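Next, two complexes with chain A in common: one pairs it with chain B, the other with chain C.
For the complex of A and B:
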């Protein structure tokens, strides 16, 4: 499908009329601080960012896919034209901004001037969004966020029922499992990706098992439980702020100690780093401490609150996919590897790895953008597929749902022959369950 | 005895046996018969589903189109043209999970299903040689109510149907 056919999918009004230049200028002016001005003027076109970008590497080093080209051709051009842009231009931008960048921030590490290209791309996405130009898959989720506070449009009743169901289910495996809803003063408020309760509630069940065995004091909130933030990737900053604020407000209302995030990459970026700014918090700090599952699981293993049965460690060669927003942008790359040391016998790191690891190609809103973008997602994912294949691993562990989805797709596309696992499912399989948590045996012949 | 029976339509012709068995039992016991199909998600966290038209979003339009087709298909296999105790439901997600969720929510008394699964299309040709797919396995192990996996026309659930079939059937 041609790029311009993909573009023009709309959010909000669905209008296809002329560009509202006044609105475009307002957004450009709002972003026109010293930082963005400096970055736009500072780029020396040295090309060092190009080699860092997996889109560039996957497409025969096409210079049009170098990060510098991408921000120059979009936001740079918007400023150069002083906002006087037409719809055809914005639709070409749409193709670059969403189809050729996952805002993984790897290029920023390699830019000698430290230009944060992802931030420039995000600003340009905001301009396109303001004119109703955004990938359809993202637009769909925005409606759900507005109406229900979560990207899947799940009602409070359905969510609570799912929690009750999973408490029942897991009670058969771990004695005493509960999933407390809205418990005031809990140490942790667990927030999740709505795809968990909606499509794979076992995920919540597994988390409940781990927290129960670890003796944790925790709760799930009846609202504000969606820690994802796709409006952040769609360019809808006001909605992105509302989404993250709903989570912060609920944590403050319940008086919990910390907010615990599920194994999701961009949720960490949103809640811990970008969210405070999106929500208008002046000091840029979340009002409640944010803890990613990777950190908490590592602490449980380190402190012996969760112990692994050595006989149940993964025997097959396994590798670890660093989600960009957990490792590079979240700083948890060593914790991920320490967890792997507890859970695997034959760990094989990818090259490059840790904060230098390549994006899988599913981030930045790419996975929810849907089938229309799948061809390009598979093509650019070749870099990740090659990285995985070179490890010889049969298992890929990743604490991110978008990485999980993307690597499953790459597995089929490139016939990698791997299984993709989350950390919590390996812990659940391998942890030593103390006697007090073993399920009660049903008496034989009991009525 | 049974107030609500759910038949899980896997879209394989072989599950017609399971449907016939569920229908017999529903008619005999005066139970409501629900035909449930789960559009399988691409991966376990995916909001996109696999349909006969390819990968797509799980929208109301997709649900309604499939519901209409399933209703026509199964009504054509029923003697009563407009049974009041019959409905078709479509969900999206991981099939075994959605079947269990539906059964729990709707307080279903019995789940009837065929043995196969869409998860493993390479084994599609093997439907002449029944094997138990992962959805049937997981539903059987985890459901709160009895589950009947029906693989042949000889396997009937209603006592009356057994009598009609005669001894040894």
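For the complex of A and C:
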């Protein structure tokens, strides 16, 4: 335990001793299964992956940014040297693994062999992390996860207080809104990105309003409510497993029907796909069904549980940012577009779109990596900025916090003239509030 | 020279085919055993339908977005592979030998076709070589081994064509033909050329991973 904590210390303040080659070899060996072996050996160096990568495209097709080059220079080299690497080598890897890849998995779609390059990058991140080499911004969040179970270090008391406060506040707009905490047997257990209760509690309020109007049976857990998983991107597999398992365990303890995730991209990747393996579940399936907000909102709209006031549909041209982990890696791209059809009058799809849409550049841990990486994030985001500009849209809708932040930053950097909205924001504004939910003082219409 | 020729047309053939098939069986068996322990993710989400879709979209020319982005390369690449397989399997000269040895052979294409397809093969191989040299994102990845394997792959076709048309000293050309083919067969299971078999496995996996698990596509 102590060794792992040491390895997790902020790079630059931890010991700069020699690399623990034995530990590196252990990790390499653990990863050296049939898939990794075959991928590393089979890459025919055809170069088709290059054009798939927005880093490559944004930096004038610098061949050093092709996915094959990136994994060969990192994990490939680690295996070639049989783990006998030095700190300087790992620092160079750090630059590539975190600075030049968001693990968006677009390259896997363009490789003739279907090599899962993101998995190779993640394995290499694990090696770097074990030696205390990880972006400082990410390392800081890990301390919070360890101490409080959530990224922002929010205490249980503060969290429950926030829930109570938001329930009260939104009671002014929607009658009967509650945010039930730890309700056993609820149909949905809602988990969120900690920046919501911490900085944007109105997000939680909006979600509560929507679920109330839809007549949903739901709860929020007092622990295991953080569905984000930055350890997953930091290369700290054991901690990533603990974080997601805390959420699964709470859902099982409460006996809820399904886990509902907020509009977050990598939360879906963590909860639905990587999580079961991180948490050591042999069959690779989450113990409780995972539902992303995009899926639920789509079902509400489709089934008429939430109806949109036509007068309140977005009139300005709007486009949809496909979060990598919701669209390409989550399969929910059509649902997102169907939601857009309900909410907007002038929808302009990006090119390319759906599962082929480009990563915004903010995922894979990039946004939390902080100011020292911002310059690069803005440079590689040029591809996304160009895509947005080409649509002529004034609004970008995206069900992912990282895309939200990244596109807001890109908007300023590239003067795109757009505003970014989450789906729940729009639904909350535009939904028809039935009589029984209107606050008592108002006689007609809701604010 | 004669004894070398006799060796290559006798034991050499047996050895190279034995290593080719045995090497593949060995490698696949090893990977299978390893996967049962370390890659359960492959079996947890296996789906024949998604495996076939994932494989199929990449067996058809321009079947994936990636191939459509580089249509000329895709054409050359498919021609390269189709002729690579078609000529050795359906060339009359080879089938005569099979028939003599085992009283069984495959269909033989007209010799004129074999000539034409061999030329197509060599032209497409030249294109692939030129591409490797010309495109920066390919050149930066390319190793000496890549150039060597590509050249080695063309040698059986070049020397075979020469032998059929009696260009150059016949016995020397035939020895080169046999040697290059047999070395190639021996190397295939152990190098990136192992994609002969492994393509199907890695593609099936990504089909399971993206398709079966997420309803998403890997093409």
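Couple of notes before you dig in:
By our rule, the second predicted complex is superposed on the first by the 429 of 447 C-alpha atoms of A that agree within 3 Å, B and C clash if a C-alpha of one lies under 4 Å from a C-alpha of the other, contacts with A are read in each partner's own complex, and residues count from 1 in each chain.
The criterion applied here is as follows: contacts are C-beta pairs under 8 Å (C-beta built on N, C-alpha and C of every residue); 3 or more make two chains touch, one makes a residue touch a chain.
All figures in this text were calculated on a predicted structure; none of them were measured in a lab.
Once the complexes are laid over each other on chain A, chain B and chain C both fit without any clash.
Once the two complexes are overlaid on the shared chain, A:277 sits against chain C while remaining clear of chain B.
Between chain B and chain C, the partner in contact with more residues of chain A is C. Once the two complexes are overlaid on the shared chain, A:33 sits against chain C while remaining clear of chain B. When the two complexes are overlaid on their common chain A, residue A:201 makes contact with chain B while staying clear of chain C.
Contacts of A:89 after superposition: neither chain B nor chain C is touched. With both structures placed on the common chain, the touch criterion links A:355 to chain C but leaves chain B unconnected.
Contacts of A:331 after superposition on the shared chain: chain C is touched, whereas chain B is not. Contacts of A:414 after superposition: neither chain B nor chain C is touched. In the superposed model, A:437 makes contact with neither chain B nor chain C. Between chain B and chain C, the minimal CA-CA distance in the chain A superposition rounds to 27 Å. According to the touch criterion, chain A has no shared surface contacted by chain B in one complex and chain C in the other. If you check the complex, the residues on chain C that touch chain A are 31-32, 34-35, 37-42, 44-45, 54, 58, 64-67, 69-70, 135-143, 146, 191-192, 194-195, 198-199, 201-203, 205-207, 209-210, 213-219. Those residues of chain A lying in contact with chain B across their complex are 137, 140, 152, 161-162, 165, 169, 193, 195-196, 198-202, 367-368, 370-371, 374, 401, 404-405, 408-409.
Chain B meets chain A in the complex at residues 41-48, 54-57, 92-94, 97, 101, 104-105, 142. Chain A meets chain C in the complex at residues 32-35, 37-39, 41-48, 50-52, 56, 61, 63-64, 66, 68-69, 72, 108-116, 273, 277, 282-285, 327-331, 352, 355-356.
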